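What follows is subunit A paired twice: with subunit B in the first complex and subunit C in the second.
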Partner chain A sequence: MPNFSSQSTSGDQSHILMIRMDNAKIISHILKAINFKENSVFCCTKDGLKVTVEDMKSVQLNAFIEPVVFQSYVIKEEEIKFQLNLTVLLECLNVFGSNNLQSGTSPALKLYYNGHGTPVSILLEESGVITDCKIRTVHFDPVLDYDFGSANVIGRIIMSSECLKEVFCELDSTSDTVQFSLSPDSANFRITTFGHSGTYHVDIPKESDVIETLHCTSAVSFKYKLTLMKPSIKPLGIAQKVSLRIDDTGLVCFQFMIKVEDNHNCYIDFYCPADVDFEEDE
Partner chain B sequence: MKFRGKMIDPNCIKQFIGILGCMTKLGKSCILRITTTDLYFIVRESQTISASPLIWCTLDEGHFFSEFGMEGLSTVDNEIYLEFVAENVARTLSALKVSGTAKSVKIKLTKKLSSPCLTFEIDLPSGSNHSRLVVHDIPVNLVPRRLWNDYVEPEVVDPDISVHMPQLRLMKSIIERMKNLANMATLHVTSEGLLTLTVETEAVSVTSHFDNLHVEKQKEEEASVTIELKRLSNFLAHEQLNPQKVVCDVLQSKLMHLNFLSDSYSLQYFLPGINDQ
Partner chain C sequence: MKCLLDGTSVKVLARAIHSLAKIGDELHIAPTENGLTLKTVNASKSAYSAFNFHIPFFLDYSHISENTVQADPDDDTVIKCKLPMKSILSVFRSIGSLEKSVETCKIMLPLLEALLIIEFKCKHGIVKHFNLRYFECESVEAEFSKEGYPSKFSCSSRFYSETLLSFHSSTQEVTWSLAMDQVHLSNHIDDEIDPSKCVRTEVTLAKDEFIEFNVALCTQVTFCLKELRAILAFAEALKLDLDCRMEGAGQPVLFSLQKEDLYSADFLLATLSPALDSTVSVSSRTAKHEVSASNHPSPVPTLRNKTDSKSISHGNLLGSRNGSRVNLPTPSVRQTSVNDTPENTSRLNSLSLIEPHPFPDMEVDLEPEIQPPPAKRARARYIFQNCLKSTQEFRERQTEVFAPDSEEDE
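Right after this comes the complex of A and B.
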């Protein structure tokens, strides 16, 4: 029986990153939600894994998995960055079957990386069958660093993701844009579309059970391209809670909180800039 | 030509339906060959290219049918070859599937509206002790005698190595994923009972290891063959039988042969190897 650890190409000393998980499905559950493009940039630090998927220097999805979610997380450098094909990685992580988190099986995972120019090695084991994958890494393209300092945040909402998902799924697809409106005077968080059959408003009352907190320093109303919002649907579907923040430029940041095994949380954030053609409406 | 068979055992009915369903999902058309002792379901993807996969299922008539009678084309050629078109079978299959309580299922070769049909008569129990007979006619084509040679029973495989495959569920899933990464995979088996499946592309290389497999036969120390993942994946996706044993034979560079064995039937899948570019 091939020894799991003897699969390494060289001794453990040369691994600059080594992760072990008893259930690989957790990581594939999170990464699947951000896989709206093939290319992903991994940034690993002592605080955990950050995986970024970006589209055309505009929308960006980031998944954060803290070391506590793993059985073992060893990193020998301050920051390790590499780029790889996320779709290929997900095929490998799911090699033993459906990526349904609820199904009985749980493949064990060992991931390691030896540095620039080497492939990411993944060993998966289930019921005695071992699958050994080597995924080519390429030098990463720099990703946009959205600086979302709290100083610029005008509106902030924490709400149930189930409710927001229902709203998003029912948005009029004939509308090019979706508008978010918040103001200290209004009783609602308003989501508006402008489609062929008319203008639709969805009003979520601030007082309703689905909204946990809502803060708004001044009235804010921005439009976003509906197509750019699409990558937020998958993370919304797996999250328990979502926070929405809008800054003075109209940049919206969704942060999705996803509960995984042993009551740990993973986070995915989504950045989307406002649609520039729109003139702000006070 | 005549054919008439009656099944009364619910397990036999269920198994027969399972095999019929599986075979008709594996190809656009399926051949049923009836002899005095056995029934054969044959699916061959293409008649023209000799290197295409072949699926050959043998059923022991004695096990399935309580009553069985057939008269072939002639006394010399005492066999019947019928061709099913898969879609025609689907409706009958759904009816058969719910006939778990059927008292009996009769299968007959009939002529309806001057077309040959395979007729299924399903005898269902009904509320007040009466019987309810549901009849399905599946149109079939009679395969002319001159084409019978296209469906010759394949020679018994003399493999370089033959191993038991207990982890078929995992193998199915691995192949399904590998097919999304590459077109071809290399299957490698050793006389120590290690089976590996490997794909390699520019972006990724993936190898799955199945160890401690029971070796049935070994002529060589090891054998490997390169196969088309899509074909194998399609077959495994539709194979829904519950065999007692699955054996994998490899003939160096030439063939991967899967043999699904049960008391009453055997299903063989012949997948020719591809020459490496």
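Right after this comes the complex of A and C.
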């Protein structure tokens, strides 16, 4: 088992963040799914690591990795935030090849950060070969904080992500928007597109074995820009389950549950606001 | 119209649509009492294809639209329509996923809504519902009969595909030379190409290779491979035999297939007519009389020059199927003399199609398009002589091209 214990020398003292894990593929597997834009904001607290990628100040993907996933997670401040190029980080993490999670050997990772203005250092070791990377951090821009209070949630579905992914992949790309409809009367989750050649609906009934729960307090029908929905497809592909919540303003939140090693779960959240021009589109 | 299909039929339907989409840009849907017909014509009207799905193909079929007060099946209750291939393809895009998930499919043309409704009932109770907009129109018809073709042969679609594998993928047209005991295929060399710079491929198929072989008239026809490949894509996936009927150069060839009483399909492809230059459609009428003197050409192309080693005949390792064997000819090629190919301009005939709706006068207009049959197997040399004689009057009428050259369809 490769590890860095022997290398943990005096340098450790200055690190305000130190993460060590035996399988770096786990983190690259998760981060790859949210890499729809280059810039990412890392926010580390004692509860874990949160990586945020957002676009056009509207769609946002957040990956949460709990400390238990790491072999060691040492944080010396209340909250550490930095911004870096996620694509570069992923390239570094995959320097030994990027085969999938299950197969092949996996490199061990040590990541540390010394505070504002310093680069993030990554040490990767695989069968005795060590790579040392330093990735420049930039001053982070504040990210959107979607206040998704559970009180305002009017629709909630938990379902198999594989099924939803199939539906999403087959959505008519000539349509600008996709509409999610739920109503307490009809027991369906309806996904509608409005393409050039006509209107397509996909109905997933409540009783279907792909739906775990389906609740809605009042009729929900919101349209979303199809292009903004696109970043949700990658996390759907690696998740086991997805929870979909819609609040009364139409803000949709997908939460993807991703199983990683040792029965630990990581989560990815995806937020997308409803299309504001929705009435004019009619 | 309303019909219900099961999973396997949906797959067949999807394959038929994929095959039609390779030929034309618009899909014509014509429900009849005997089943559903899907048709298309390519842009230059040189290929027509129609799939007929008979009633046993469906779980349930009714050609009369719903919501009609009287059940009287007069014409008004049957909607005939066309829609862009793109929209229908978006529904049947992935045959693989249709096969995996779709359990039943319902297709409806309700009278009250101007929509083609396709409903897939999939696994896990998921229902996919497609409302497609269409244009109401009379369906396109090609006038043809399966009778009266002097030559007919059939073999498995696999066999055709293997044969076509010998040809380079860029080959657009192939000349089929029919003889009493064999079919000889060679790629058609366009006059625009320098004959010394192109690859020539020739394959001879002996009579024994065919399931049925009945050639009454030795002839030579040239037509596009593109459509044939689209037909074969369907036929091969469903392991069907393909019948081919031929008459002569300039006359359409008919490919047809049939699966028990479930479905059948006919593909009518226009063939090149050997002619003087681009004025064929007019000149061929005259050419006919002049060339008809050479009524009895030998069944084997006469312009062969076995000593010409410049051109290549490339045979292919065709896998033997059921002991069948493809006779690869000895490297024999046509003479590349200047007198031959460059002057032998050919042009793809247009099929005569009845399309009454768009222009009422269409049928009249179409008349000149129906070309008189050029002399069977007119030898290029002979035409070349014609060309030298009197062509000025034809040249003046060069604008009368009723269909663009097939090459532009790509």
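Couple of notes before you dig in:
In this text, the second predicted complex is superposed on the first by the 268 of 282 C-alpha atoms of A that agree within 3 Å, B and C clash if a C-alpha of one lies under 4 Å from a C-alpha of the other, contacts with A are read in each partner's own complex, and residues count from 1 in each chain.
By definition in this document, a contact is a pair of C-beta atoms (placed from the backbone, for glycine too) under 8 Å apart; a residue touches a chain by one contact, two chains touch by 3 or more.
Since the model is a prediction, treat every value here as computed from it, not as a measurement.
For the composite obtained by overlaying on subunit A, subunit B and subunit C can both be accommodated side by side without a clash. Within the superposed three-chain model, A:C163 lies in touch with subunit C and out of touch with subunit B [touch as defined at top]. In the superposition on chain A, contact of A:P184 is made with neither subunit B nor subunit C.
The superposition places the C-alpha centres of subunit B and subunit C at an angle of 60 degrees about the C-alpha centre of subunit A, rounded in steps of 10.
Touch criterion met: A:D172 reaches subunit C, while subunit B stays clear of it.
When both complexes are overlaid on chain A, the residue A:P205 reaches subunit C alone and has no touch with subunit B. When the two complexes are overlaid on their common chain A, residue A:H196 makes contact with subunit C while staying clear of subunit B. Closest approach of subunit B to subunit C, taken over C-alpha atoms in the A-based superposition, is 5 Å. Overlaid on A, the two complexes show subunit B and subunit C touching no common residue of subunit A.
Touching subunit A in their complex are the following residues of subunit B: 167, 169-170, 173-174, 177-178, 180-181, 202-212.
Residues of subunit A touching subunit C in their complex: 163, 166-167, 170, 172, 174, 195-205, 207-210.
Those residues of subunit C that touch subunit A in the complex are listed here as 83-84, 86-88, 90, 93-94, 97, 101, 115-116, 124-133. Residues of subunit A touching subunit B in their complex: 1-2, 85, 88, 91-92, 94-98, 119, 126-136.
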